[in-house]
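The next part holds the structures, each set out as structure tokens.
Here chain A shows up in two complexes: once beside chain B, once beside chain C.
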Partner chain A sequence: MNLHEWLPLLILGSSLLTGICIFFLAEEQRGLRTFLNLAGAFIKLALVVYMVVGMARGETYETRFPIVLGFDFVLKADSLSLLLVGLSSGLWLLTTVYAIGYLEHWKNRSRFFGFFSFCVTASVGVALAGNPITFFIFYEFLTLSTYPLVIHRGSVEALRAGRTYLWYTMAGGALVFTGVVWLHVLVGSVDFREAGVLAVVDPSLYPSLTLIFALLICGLGVKAALVPLHGWLPVAMVAPAPVSALLHAVAVVKAGAFGIVRVVYDLFGVQFADQLGLLTPLTIAASITILYGSLRALTQDDLKKRLAYSTVSQVSYIALGVSMIGATATIGGLVHLVHQGIMKITLFFCAGIFAETVHVKAISNMNGIGRRFPLTMGAFTIGALGMIGVPPVAGFISKWYLGLGAMASGQPWVLLVLLGSTALNAGYFLPVLYRAWFRDPDGPWHEEGPVGRLEAPWMLLVPCLITGLLSLLTGVFAGADWSPLSLARIIAMKEYLP
Partner chain B sequence: MTSWLPLLVLLPFAGAVLCLLVRGRGAPAIGVATSLATAALVLFALWSLQTSGPVRVQVGGWGAPLGIDLAVDGLSMIHLIMTAVIGLFISLYANRYYDGYRGGQKDRARELFWPFWLMLWGAMNALFVSADLFNLYVVLELVGLSAVGLVVLTGTRDVLGAGLRYLLTALAGSMCYLMGVALLYAAHGTLDLFAIGALIQSDGVSRAALMLMVTGLLMKTAVFPLHFWLPPAHASATAPVSALLSALVVKASFYILLRLWFDVFPGVTTPLLGNLLGLLGGGAILWGSLQALRQKRLKLLIAYSTVAQLGYLMFLFPVTAGMADGSSLWLQEVSKGTVCHVLSHALAKASIFLSAGLFILAAGTDQMSAMKGLAERMPLTVFSMALAAVSLMGLPPSGGFIAKWLIMHAVLGVGQWWWAPFLVIGGLLTAGYMFMMLRPAFLEPDPGPGLKPVPRLLEVCTLALAMLSIGIGISAANLLNLVMIGNPFSIPGGGW
Partner chain C sequence: MSPLWILAALLYPLAGVIAAMVPRTPSVVVRFWMATLALPALAVALALPTGTSLETAYLLLGNPLAWTDLSRLFLLFTSILWSIAGLYACFYTMPDPRFRGYAACFLASFAGNAGLFFSTDIPQFYTFFAVMTFSAYGLVVHTRTPEAVRAGQLYIGMAVLGEMMVLSGLIWLAYSGGSLLLSDAPAAVAASPHRTWIIALLLFGFGVKAGLLPVHVWLPLAHPVAPTPASAVLSGAMIKAGLFGWLVFLPGGVGAYPGWGSLLLGGGLLAALGAAFAGMTQTHPKANLAYSSISQMGVLTMGLGMGLNNPEAWELVTGVLAFYALNHALAKGSLFLAVGAAHAASREITRRWVLVGSLLAALVLVGGPWTGGSLSKAALKKLGSHAPEIWSGHVGWLLAVSAFATTLLLVRFLFLQWESMKHASAHSSSQADQGVLWTWGGSVLICLGVPWLVAWHGGIPIKSGAMGLDQVLKAWPILLGAVVGYGWLRRSVIRPSIPAGDLGLWVLAGSSAVARWWVGSVAPRMESVDLYSDRAVEMLVPDERAAPTWLDGADRTLRGLAWAGSAIMTLSFLLWWSTGS
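Here is the complex of A and B:
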């Protein structure tokens, strides 16, 4: 074994070991815990950067060993996994800082941060998994490591939400499990590969493959919150804000969406999936989800709930992009994986700041909040405008490519879906912005503690501003070589090679 | 070279006798020492098996059919190891557990636990290395009797009731088995496990023997609907005993069933019988899980979980029944999966019963409603429970996952897809009752009398078992290679 075989494992280990160590810390060892958290996050980020640089030079990184005879555990870095690995490890660092600030006065912090690290391990594992069984392992590990975070408050309500979350995700996991095992029986051990691996199978297997595709997509659709499998997501809002941020932007929904990308592109191959007629139902499901999520978001007064339904809607842009034939649509879907993550985490960070410092959770209480929190609300505004698709924020880039892709693939009706969603997004975000900036406050704010020089504790404020800025920069500099868009372009080119 | 084989049996027996003679405070010390020595011996046996392959010896040099034949292959070895590892941890645990125990007749329980347990260990070791049907009967009986002795240790009223029910079932089970043995002996004049396999024809006598022996063993393994004795017995015994019974004792009779299936009856089994057994397994999973979901007492829930989990073992039979090609990939795979399930369930279930014991030590009750706030007060115990639960649910990367994967793969591979829903739904139901069990632990604790502190050593033993049940998932490849030494799953005949 050399470094090329170890690196993917090390990237996982950097957060897994952090998590294990943190479990053994006492509640009072705050300094050590913070150090471990940040060290883990920085080491992971450094390793990822090292890997990216290596890959740019044409190196390959792969960990492979047998679990049982015939089943390999494979971690492999390819361009697609970079998209999610980069997103996870970057946002993990920011969310860790935010969470340390946010949970200052909470109980059971060692437990929280232990599972928090596990959660990121799982999400990076999902990204690096090189074959279906490895993917499944981390997909389930993600369920297990997020459950304790969802119920962290320990209230009856939190536990009820946890139960809903578990039933949905466990049932989804069972479907994925069935699909993966069945696939393995039919075609043996297969690795994910660009442009797919199943196109060569015997035509007599096509009906079975169709069923397997349905099983996998339904199972993954639970975490990706495809309607009607989205029920867990708004309920899971009882979790602490950093968890919601992580759940919605990086870990859970992205694992589902990323799984759909893997299945369509690297397992079936997009052309083969189209040949089997599997993509149109996915396009329709994604379109319905986009509109339904936005419609439901309109009527929510709870800020986090509104953001949750917005997630339901926005994540399906990814599924929409991958389900349309043509490189442009692919680029739109893939780049949204990153863009939605950065923008949505900004919004959740902001919601957390409002809730934690002045106890504002409902949109109807947000009148004039922009004066009390100009910076936070500024970041929120960038995120919200990005969600609507206003140029030059990142969300515009995604929508632009999705729209072009819809035309190129000969499905102009998708354009209507996108337009409708834009209108609805404007419908539920603009009133928030209007209240916050242009209305007068209803009265003095219920301050949690003394107001310092900054509008909020710096550990909460700084990550929020960074992600807000990133949402803007990834849009403005989308043409640069290092932007998510360029990476998505490279991936899309590979997926359509003959 | 092979003279160590009888020692595997004699050493625990000698320890048991010593414990009986010494009584009082000395018994635990002797018990723990014997456990350590036996575990070391098993380790040596493992080394010997890996260096010189499967062995067979004739004790006293008389040879079949008069003598006692002992044989060790990979399947025996994995069971010996399983018993030794779990037995060792339970021994360490029991040593301190009975000091803190608050139930009736504490001193008697502490003294008598050791002779019965060492007797049980010796008998199980004997069972795993026996190579003839009558010896198997004798040690099976011994396993049953010492297990009943362990159940009634505390002598309270409900324990005696459960113990009596257990005793009668165990006796009925062995009777059925013995009648089968008698039929086979009358027809073929030999009791050698592997010799009969070569002689046997698919005639009326063989079929009757098969039915009798399978029924008897199903009864002892507590396979639905013959499981009625298990929940009261496993739930009312003291925690270390519950762990032993659920983890190891039910697996002993299943081991004989495996041996019979592959070595004695391959020519006699039919797909019909296989499907029937598979159906019982499916029934066990559904019924056991649904019952577990209705329980209010922690130990009863765990006991019903055992009923459900044993169901997974039954899918081996429909997959392999009437299989002509003995080297079939699917046969190997389902067998490996089944053995993997035996192991991971044993480790997880032992751990979870020991966790329940810790909770009882601390709270003095096993009502799940009293578990409120446990995650805050006994985090290590709750963590162990959660790890064991992961393995029982069959989620990666645990041993339970590898087992479920292999069984599922084989079931779909031979085209018997109708067993797959049982496996999938079983996993979901397991998640249902396991999270129902863990749920109160995460609630805010009730104000009121706190929990008594429990010794750290006990928590460590519990955690170690839980981690092993996860760990075997990670090193499954090596373990399953070990099981295949001597090729125990081949049709027809054994490796000899």
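Here is the complex of A and C:
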């Protein structure tokens, strides 16, 4: 065993161990807990950077050992996993800082941060998983580690939301499990590989494969919040803001969307899935989700709920891009995996700041909030414009590639879906911006504490500004070599030119 | 001159946006920035050779920033007008406590406006266009009055509609042509099997900005409510961005499109005359000018129609249209600024000067003798031979009718100007008022002089005799219009009148009805659909306490039969063991 075999495991371990250690801390050991949290986050980020640099030099990193019943446990770094690993570990660091600031006065912080670390472990595991069974293990681990976070408040509403969440995701997990086992029975042990591994099977298995595909997509669709499997997401927004931020940006919904990407590209292969006629239903499901989520978002007055429905809509851009054949659409879907993450986390960070510092949760109470929180609202504006797809924010890049991909795949009606979504996004984000910037405040703000030199505690403000700025920069400098767009291009090339 | 100046021209106003938003920046710095926002761009327009390109592989999708002769002319008048308006705004916003917000939106809009002319690929172009459009919203609603908010709604709604049409047209075009470069765009449109759709989308998409009928509706509502320098750039410069979009993307030079040509000539004529009539009946001077812009853009649309009809004439047409746009931009800018000057003028003598200045700018706009307007009108008239056959004999007199109508409209404007000054109470002249007046005076001189300078530098061929006395006779439609207008339009209310915003009022009413219906009837039903999913979970797991009792019962029964279980297990084991051995 050398570093090449250990590195993926170390990356997981950096947050898993952090989580375990934190569970053993007493509630008042605040300094140590903070240190552990940040140390874990930094170590993970450093390891990921090391891995990225190594991969750029052509190194490969893979951990593999057998577990039960002929299943292998495989962690492997490829370009696709880099997208999610990079996103998770980067945003985890920021969210950790934010959460430390946010939960200042809350109870059970050790429990919270323990599960918080587990949650990131799971999401990185999902990203690095090299075969379906490993993927499933982390997928379920993610469900279990996020449940305590969702119900952290402990209120009746939170418990109800938690129950809904658990039922949805457990049912989804069961579907995925059935699909994975069935697949194992049919074709034995398979690893994820670029351009898919199933195209070579006997044609007599095609009907079974179709069913397996349906099972997997339905199971993954629960977390990816495909309509009508999305019911848990708007309910789960009772979770504390950092959890919502993580849930909506990198952890749960991304795990679902990422799973769909894996299944389509690295299990079935996009050409083969198309040959089986599996892609069009997915395109339709994604399109319906995109429009439905936006339509529902229009009338929500609770800011977090509006954002939640927006997530329902936006995450399906990923599935949409994946379900259309052609490199351009692929680039659009994959790059949105990252773009949606940074934009949405920004919006939730902002919502958290408003709720924590001045108790503003409803959009109707946001009149003139831009004057009280110019920087936060600036970040929010960037995120919201990005969601609409206004250039030069990152969301435009996604939308451009998706639109072009829709044309290239011979499905111009998808362009109409994208345009409709643009209009609806404008319809529910622009009024928020209008209220915040162009209306006068209704009265003095209900300040939580004394207002310092900064508009909000720095631990809340700084992560929010960083992600807001990133949303802008990844769009403006999309042409740079290190941009998510460049990475998505590389992945798409591998998928289409094996 | 280094190509980095291109970056400087764009980054200078953008840096100003940030400076304006930082509360600690001294006001004087923000004002200075606003007054000088377009100077680097102006320097570029004057000194940087066209064709210069700046490699920006890291920006957006990686194409360079560069520029052409056409964009040079556009950048020239855009930066001149923004410079004047910036200086003007610097004084105009002096009493305004919210001027930082104004400055931020103003600077950002300019960056978008100027960036258009350096774009070499479609995403860049769309980016700058969007930056301009969305930032300008802040200018429209700046005063926060109910009228401004309503105008802002229509503005942003139409803008989003326009952006959607532009985006879909551009995506379609990029897909058909397989290239993102602007230089390949017209050929790609021409070669596309879906040409008609692409042309329609781009025409109406950019038409929202350019005030094309019937997507012009936001102009007459937005211009009166925006602060005066903002109206000037909206109506003078940003409206031309729509024209620039047409000239860059439409396939005029690649093929002949007599159908589109006729349609644009007809639509343009309708706009030129209809908007002029609507403008005559306005009671607000800025609404009157907004209709004048729609009318003038109608004339430009007619020119565009001639270009689309005849590919050989395209290059000539784009040149003439650009010059016409320059003339209109400077004159219209000056006229809008005159509205503010009228408010600033406190003494009787100043008021008279304001009226004279307004008259001069109006003459430039309408094409009075010895003005740049007459040059551009004459050049446009000569293009008539390139119009589709049924039109070609009529362009000349139709333009004369349009000049007549425009004159009526401007007579009305002068009357409204005079009215507003007459009723204004005398007030002491502040430093801000002085600044406004002097800046505006400069703008009048500029709109008189700059078109000639540009024409002499080869912007447009000048016929001999353009300075001759007979020019006065050639301007008979204007003389006639002045006489008729003086007789007819002196009353304060003209009947029948068209409310400012015309069709836009229906659009607003219709969309708010749809919104009410959605919030009242549709949304609650959708809400209940989502509740079902919650209830489904409830039904599956009613509650921990109410776990299914029959399972409990089954369990109890099994417990009671413990001995039976053991017996079965033992028996099975024995059976297995015996068969195995």
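Following the convention adopted for this analysis, the second predicted complex is superposed on the first by the 496 of 498 C-alpha atoms of A that agree within 3 Å, B and C clash if a C-alpha of one lies under 4 Å from a C-alpha of the other, contacts with A are read in each partner's own complex, and residues count from 1 in each chain.
Throughout what follows, a residue touches a chain if its C-beta (ideal position, glycine included) is under 8 Å from a C-beta of that chain, and two chains touch if they have at least 3 such contacts.
This one's a predicted model, so the numbers in the text were calculated from it and none came from an experiment.
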- prompt: chain A superposed: clash or fit between chain B and chain C?
  reply: clash
- request: Return first, second, both or neither, reflecting whether A:G231 touches chain B, chain C, both chains, or no partner chain.
  value: second
Query: Now for A:P374: first (chain B), second (chain C), both, or neither, which partner does it touch?
result: second
Field: Contacts of A:L415 with chain B and chain C, given as first, second, both or neither
entry: second
Message: Quick check on the superposed pair: does A:L385 touch chain B, chain C, both, or neither? Answer first, second, both or neither.
response: second
Message: For A:A423, using the defined touch cut-off, is the partner it touches chain B, chain C, both, or neither? Pick first, second, both or neither.
response: second
- request: Name the contact category of A:L25: first (chain B only), second (chain C only), both, or neither.
  value: neither
- request: Could you say whether A:A478 touches chain B, chain C, both of them, or neither, answering first, second, both or neither?
  value: second
Task: State whether A:R163 touches chain B only (first), chain C only (second), both chains, or neither.
output: both
- prompt: Of the listed segments of chain B (256-264, 346-354 or 454-462), which one clashes with chain C in the superposed model?
  reply: 256-264
Message: On chain A, which stretch or stretches are contacted by chain B in one complex as well as by chain C in the other?
response: 163
Statement: In the complex, chain A touches chain B at residues 23, 66-69, 71, 107-108, 111, 133, 136-138, 140-141, 143-144, 148, 151, 154-156, 159, 163, 166, 170-171, 173-174, 177-178, 181-182, 184-185
- request: Enumerate the contact residues on chain C facing chain A in the complex.
  value: 21, 23, 56-62, 101, 123, 126-127, 130-131, 134, 138, 141, 144, 149, 152, 156, 160-161, 163-164, 167-168, 171-172, 174-175, 518-519, 523, 526-527, 530, 533-534, 537, 540-541
- request: Show which residues of chain A lie in contact with chain C when the two form their complex.
  value: 163-164, 167-168, 228, 231, 234-235, 295-296, 298-299, 374, 378, 385, 390-392, 396-397, 400, 403-404, 407-408, 412, 415, 419, 422-423, 426, 430, 434, 437-440, 475-480
- request: Using the touch definition up top, name the residues of chain B that touch chain A in the complex.
  value: 336, 375-376, 379, 383, 390, 395-397, 401-402, 405-406, 408-409, 412-413, 420, 424-425, 427-428, 431, 435, 439, 442-444, 473-474, 476-477, 480
